[in-house]
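I am attaching a structure below and will ask some questions about it afterwards.
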Amino acid sequence: MTKKIEAIIREEKLNDVKDALREIGIVGMNVFEIRGHGRQGGITLTGRTGTYQVDLLPKVQLNIVLSDHNVEKTVETIRRAAMTGQEGDGIIFIYPVEDVIRIRTGERGREALMYEGDIDTRRPG
Amino acid sequence: MTKKIEAIIREEKLNDVKDALREIGIVGMNVFEIRGHGRQGGITLTGRTGTYQVDLLPKVQLNIVLSDHNVEKTVETIRRAAMTGQEGDGIIFIYPVEDVIRIRTGERGREALMYEGDIDTRRPG
Amino acid sequence: MTKKIEAIIREEKLNDVKDALREIGIVGMNVFEIRGHGRQGGITLTGRTGTYQVDLLPKVQLNIVLSDHNVEKTVETIRRAAMTGQEGDGIIFIYPVEDVIRIRTGERGREALMYEGDIDTRRPG
Amino acid sequence: MDTINSGDTAWLLVSSALVLMMTPALAFFYGGMVRKKNVLSTLNLSFIMMALISIQWLLYGYSLAFGTDHGGLIGGLDFLGLAGVGAEPNPDYAATVPHLAFAAFQMMFAIITPALITGAFVERVRFRTFLVFSLLWATLVYDPVCHWVWGNGGILRRLGALDFAGGTVVHILAGFSALAFAMVIGPRVGFGKYPFEPANIPYAVLGAGLLWMGWFGFNGGSALAANGLAVHALVTTNTAAAAAGLVWMFLSWRDNKPSVLGIVTGAVVGLVAVTPAAGFVTPLAALLIGGLAAPISYYAIKFIKGRKLLDESLDVFACHGLGGLWGALATGLFATLAVNSAGANGLFYGNPRQFLIQLVAAAASAAFAFCLTFVIAKVLNATMGLRVTEKEEAVGLDISEHAERAYA
Amino acid sequence: MDTINSGDTAWLLVSSALVLMMTPALAFFYGGMVRKKNVLSTLNLSFIMMALISIQWLLYGYSLAFGTDHGGLIGGLDFLGLAGVGAEPNPDYAATVPHLAFAAFQMMFAIITPALITGAFVERVRFRTFLVFSLLWATLVYDPVCHWVWGNGGILRRLGALDFAGGTVVHILAGFSALAFAMVIGPRVGFGKYPFEPANIPYAVLGAGLLWMGWFGFNGGSALAANGLAVHALVTTNTAAAAAGLVWMFLSWRDNKPSVLGIVTGAVVGLVAVTPAAGFVTPLAALLIGGLAAPISYYAIKFIKGRKLLDESLDVFACHGLGGLWGALATGLFATLAVNSAGANGLFYGNPRQFLIQLVAAAASAAFAFCLTFVIAKVLNATMGLRVTEKEEAVGLDISEHAERAYA
Amino acid sequence: MDTINSGDTAWLLVSSALVLMMTPALAFFYGGMVRKKNVLSTLNLSFIMMALISIQWLLYGYSLAFGTDHGGLIGGLDFLGLAGVGAEPNPDYAATVPHLAFAAFQMMFAIITPALITGAFVERVRFRTFLVFSLLWATLVYDPVCHWVWGNGGILRRLGALDFAGGTVVHILAGFSALAFAMVIGPRVGFGKYPFEPANIPYAVLGAGLLWMGWFGFNGGSALAANGLAVHALVTTNTAAAAAGLVWMFLSWRDNKPSVLGIVTGAVVGLVAVTPAAGFVTPLAALLIGGLAAPISYYAIKFIKGRKLLDESLDVFACHGLGGLWGALATGLFATLAVNSAGANGLFYGNPRQFLIQLVAAAASAAFAFCLTFVIAKVLNATMGLRVTEKEEAVGLDISEHAERAYA
């Protein structure tokens, strides 16, 4: 079965997370910028005079579609790389995926999620 | 069980929707800008001379992951706050979520979705 | 049943894909810009002097929520329009959707996904 | 017979170009501070003044301001269509350059002044009404007061009021008119409730950088010759900008962090304040004038916005109204004949009378601008409507007024 | 002996700086109107002209244009490498400033003219070929026609054609060359099918604002002295820009809403149209020239783009070709010796001959530019290829030609 | 008695405005090259110099640089607060313009020089410390060396060193100080590991375009008169910029594609290199000076960045340090009395001694700047801390130092 990981992390942690994922062999991914709100309430910005509050903070969302059996390891890897211990570190969501189709090759399912040198080519099984 | 709400709304309604959600105690969310097309076909813009049509309109997508039992109330709240009655008001999608992991604390599932003063701390049950 | 198609394609193919989808009667959709990484490893950019590598490439993500029975045709249509045959053509993911609510009308489920002149109004069944 | 001095003429030509550039610079200064959905609209409110007022000035504006005096209040119609304004100098205004150069230089002031006011009503003004307003305002407010202060025979000029480069004519008029207009049009939807984050601070930096440069033409050019006085004005101008920028930095630092938007705002406020004084005070006085302008405007904004008294959106009153007022009064304090023998001594040089004159001139201009603008705005509101609809405001003026988007 | 006038020299130095600045200004004016993936490429097409043509002009361009006349058609090689062009005035061209100042000022015109053409082929031109084209074009089209019109002994100059600041030399050449090039290179993929939304209208506003300012140097500097004529040219220039900006606003308003991109385009078109006339007509005539330039270009664009006749992408032909043509003819209508005794009277001042001369000069230049550019483009297309591949065009020239992205 | 020439004064006023504008231009040139999270911070590092150094210069900087000589090393305190610097010319510096005009023009150089250095430590410098550094640096490094080279009685001036417009005073000082500062502050986190993609290349193009224009005032204004020499300097300046831009284009093309960022960088490097030479060499020599400056800086950057030797982030040393050094030496090669009788002949005109003088002057200035900056930076690092925390650096200085975001 295939899953999708949505990890919402700090912008400044993206490089660390990417590095950590590369190390364990996670290749396919995409990212985009979002603004979010959670336990971290907001941020105080300076205006022309005094300050004001902004309640949506810039974060990066990282999406990875991958096989079931790699989910836990990937989640752990992201967590370790993305954590600072302070509010606003972010959150990870896991969703079911029904199918995957690679546009160029027409591969489907698990096959479509294979990359040269990725996590599944590294270890037995 | 956990669900994800994806609400696609008008940009100019974001503040209203955020306010309405804060009132009912929805805390965790994120937003980003998209361009979309639906029953509202497009928009006429002025060019250097005359006009032209653009068929993808700017909207805001609001994502909220939350517990099952809060979905209906949240959807209703969003609808009420986001509606103008004119084409292009948007649409809400609901997806199943398999798991949630909070990066900072490692909390999982429902626990990971608890916020100070949120909807579930407000009412019994 | 309702599904969500997430198609990650080349930016420059968006118009072609949109045209192809219009032709088969897919109306509702939204798009946004992402940066991704897959089998296509990266791109070489010119700096002030010499070159450097960037490993996240700009792509466009196209989201379509639609009825089960239209998924295959839509996927095929996207594939045909988005393919160049070279690395980086992209990938399509299919997810289950639990519900759809149209903000303006309150319509739910399949009804909420009907558009004037769309794929389901065109052919019998 | 007066003859044309080519160096003076070159400098006035350049100064005209520099002051013309200040209007697009202002467009960016303002455009960076509004919300993204109103960037284009805000740029345009300034830009279009270059088109509209250029023609107004050519056709009759210059004549009303600088034509033969009528009772000290208004110029006559002798210069309609710039008739008779040509290569010959007009010694009443500038003895060594073509009369037309003076008219052109003055035109740039007439353009930027209503552009300054736009900061009061960005993000909600109806464009159509704005065009009418600007034309009326230029005609009924700017041209007369310009005559009072600078026109040959103008009452405030005769009174001995000093306004080197437009502290009264430009900044007090703009600031107090902005105040009146903001009161009539009312606050933006969500004012005081949601933060209105500036869409693009680099635009504001760009605008401020070009404004600073352009102000050398504004104040330096007001010497109407490439002489020591022009140089002096350039130095005082630069000094006041620097001082106010630095002080504003420290003020915002005290409140939180040194704000970049604050620094560039401070610089502009310093430029405003030194405008009436540039050719009358020493550089060290300019340091003080700029340095004190910053807290005046800073705390005025804090007061007005903090208490949600008024949504004068980009702080035109606080920055230009009060900055110009302070500058006008400061001129009455710091002016010295040692700097400019054609000027006067101020209070600190033993001439309290000059301070009084400055006060009277500033107050009269401010009151006139405020009242007349209030009336014009009220009338236009009742007839054409000053504001777009709430829905249009929510969508943003770029789309609702121009059907354009700043960025694809 | 002629002596150097420091005021005139100062003004020509400044005018050179202002006109130099117009090229980056144009870069932004154009860069804002293309799609995001071609912004950098479009900026560069203009910017690189400052590098390329500066050297061409220094080495031989100036000599071809302003060297000793050969048959009225081309200058000789006496000024190669600017030999002999120094601090001494050349009374054939400008009696009161260093000859080198005249050469430098003219260089800026030689730079911006091919930059103007780039609007015809942005978003698809192969950079390599473009460099070769520009060098050839500068040498074979610009330098000769510049000599015809402004060179001592040039045929159109001898004919009595009036071109104050380059309506023919700059705008007609650029516009008709753009037409030819656009015909050869063909439309952008998707032209007429997909809307090509401008990526960044604020860039266009910035560019237009700086162009407006720079044009004071362009037209005002063409008086070659800081005198009444320079001032006059500044005023007519400003007036035409204002009028055309306003009229364009109303035209777009009639069609939908007042377009900001339209307003700034209108201003530029007004500046184009008044260029040949600036030192020969009255301000009120400039008002008409600008005001009528707007509908000419406006409806030309509507016609060309509406019928999908031709993808001359940023409307160089419609704006510069037709605007310049209209200006050249209008000079034949409105010119008056009352403004410039070194000029001539036009049709409306009882001299129909001048109109005819203008017509002939404009037609000859336009035809020459069109034909020669057509041939050059055809040859280059056959040899080096004018266009990038379809795939490169789809990806965008920033990546495909420069391997750079405008924004990270 | 010397009298003021209005043309010269006009030109120096304009040049002051142009050089002032170069600082915001530099802000954008630099601001476009950093990462998005540091754009505002980078803009501000330059902008704030206009505020800070203006006041330093007024109060005592000018006096230290141009006051009565003390041992060839430093100026006296006679001009504190610009006392005695007024409308009268000072024939030691500029005989035909007000002394104050000279002081104002020089002020703009004093402002931009420390702004140039900021390229070395953007994206990680602590703002507070930076302010202190800049004040110290202006006082201890800039003012003295400025006196050595340009002050009446300065040792390098007496030695006969030629520096037309600041190749040594501005660019060598900035470049070698940048080197020292970069060594002390250390590389940005992730340097050499992650690509630091420039956030906004159009900003860099805008900045470079305005810098090019402004440099006409920088070098042309250094003639201190609107004469043939000013014109000459404008032409050599333009030529070197063009040549270096073109050559850099070809260099980057050889390595991959013609880089737009490279082209504009090349132009700036050409401007740097010609700065000391602009009024002493022929245009053709300027072509060579610019053309050779490009590979020097290009390969220096490749070497330094390629080997990860040092994170001198925006290549201030490679571009200004080496470009300025090359220019200083090239002046000793190409200078000719034929261009400027107040100059000297260089090596290629039979005077090897001048080359030696240039070498000594450049080396002394470079060594002084390097050592003193190194010490200042070390001391400040130990006391106030040069860098923000790693976390602040990760978040970006816009938020961490200013609590602002460039874009909403």
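Note that the chains take the letters A, B, C, D, E and F in the order they are written out, and that residue 1 is the start of every chain.
Basically, a residue touches a chain if its C-beta (ideal position, glycine included) is under 8 Å from a C-beta of that chain, and two chains touch if they have at least 3 such contacts.
Please read these numbers as outputs of a predicted model, since none were measured by experiment.
Graph distance from subunit A to subunit D, where chains that touch are one step apart, equals 1. Within the contact network of the assembly, the step distance from subunit B to subunit E comes to 1. Among the pairs E-F and A-C, the greater number of C-beta contacts is found at E-F. Taking each chain's centre as the mean of its C-alpha atoms, subunit C lies 51 Å from subunit F. Inter-chain spacing, taken between the CA centroids of subunit C and subunit E, is 44 Å. Multi-chain contact residues of subunit E (touching two or more other chains): 5-8, 10-11, 14, 197, 206, 226, 256-259, 261, 402-405. In subunit A, 32, 44-46, 51, 84, 95-96 are the positions where the chain touches two or more neighbouring chains simultaneously. Pairs of chains in mutual contact: A-B, A-C, A-D, A-F, B-C, B-D, B-E, C-E, C-F, D-E, D-F, E-F. Taken in their complex, subunit B has these residues touching subunit D: 11-13, 15, 43-46, 51, 84. For subunit E in complex with subunit F, the touching residues are 4-14, 16-17, 20-21, 23-25, 27-28, 31, 39-41, 43-44, 47-48, 50-52, 54-55, 58, 81-82, 86-88, 97-98, 100-101, 103-104, 107, 127, 203, 206, 226, 401-408.
Across the interface of their complex, subunit A is touched by residues 195, 197, 251-252, 255-259, 261-262, 265, 298-299, 301-302, 305-306, 315 of subunit D. Chain contact summary for the complex, subunit A toward subunit B: residues 3, 7-9, 32-39, 55-56, 59, 61, 75, 78-79, 82-87, 89-96.
Chain contact summary for the complex, subunit D toward subunit B: residues 37, 190, 194, 391, 394-396, 399, 402-405.
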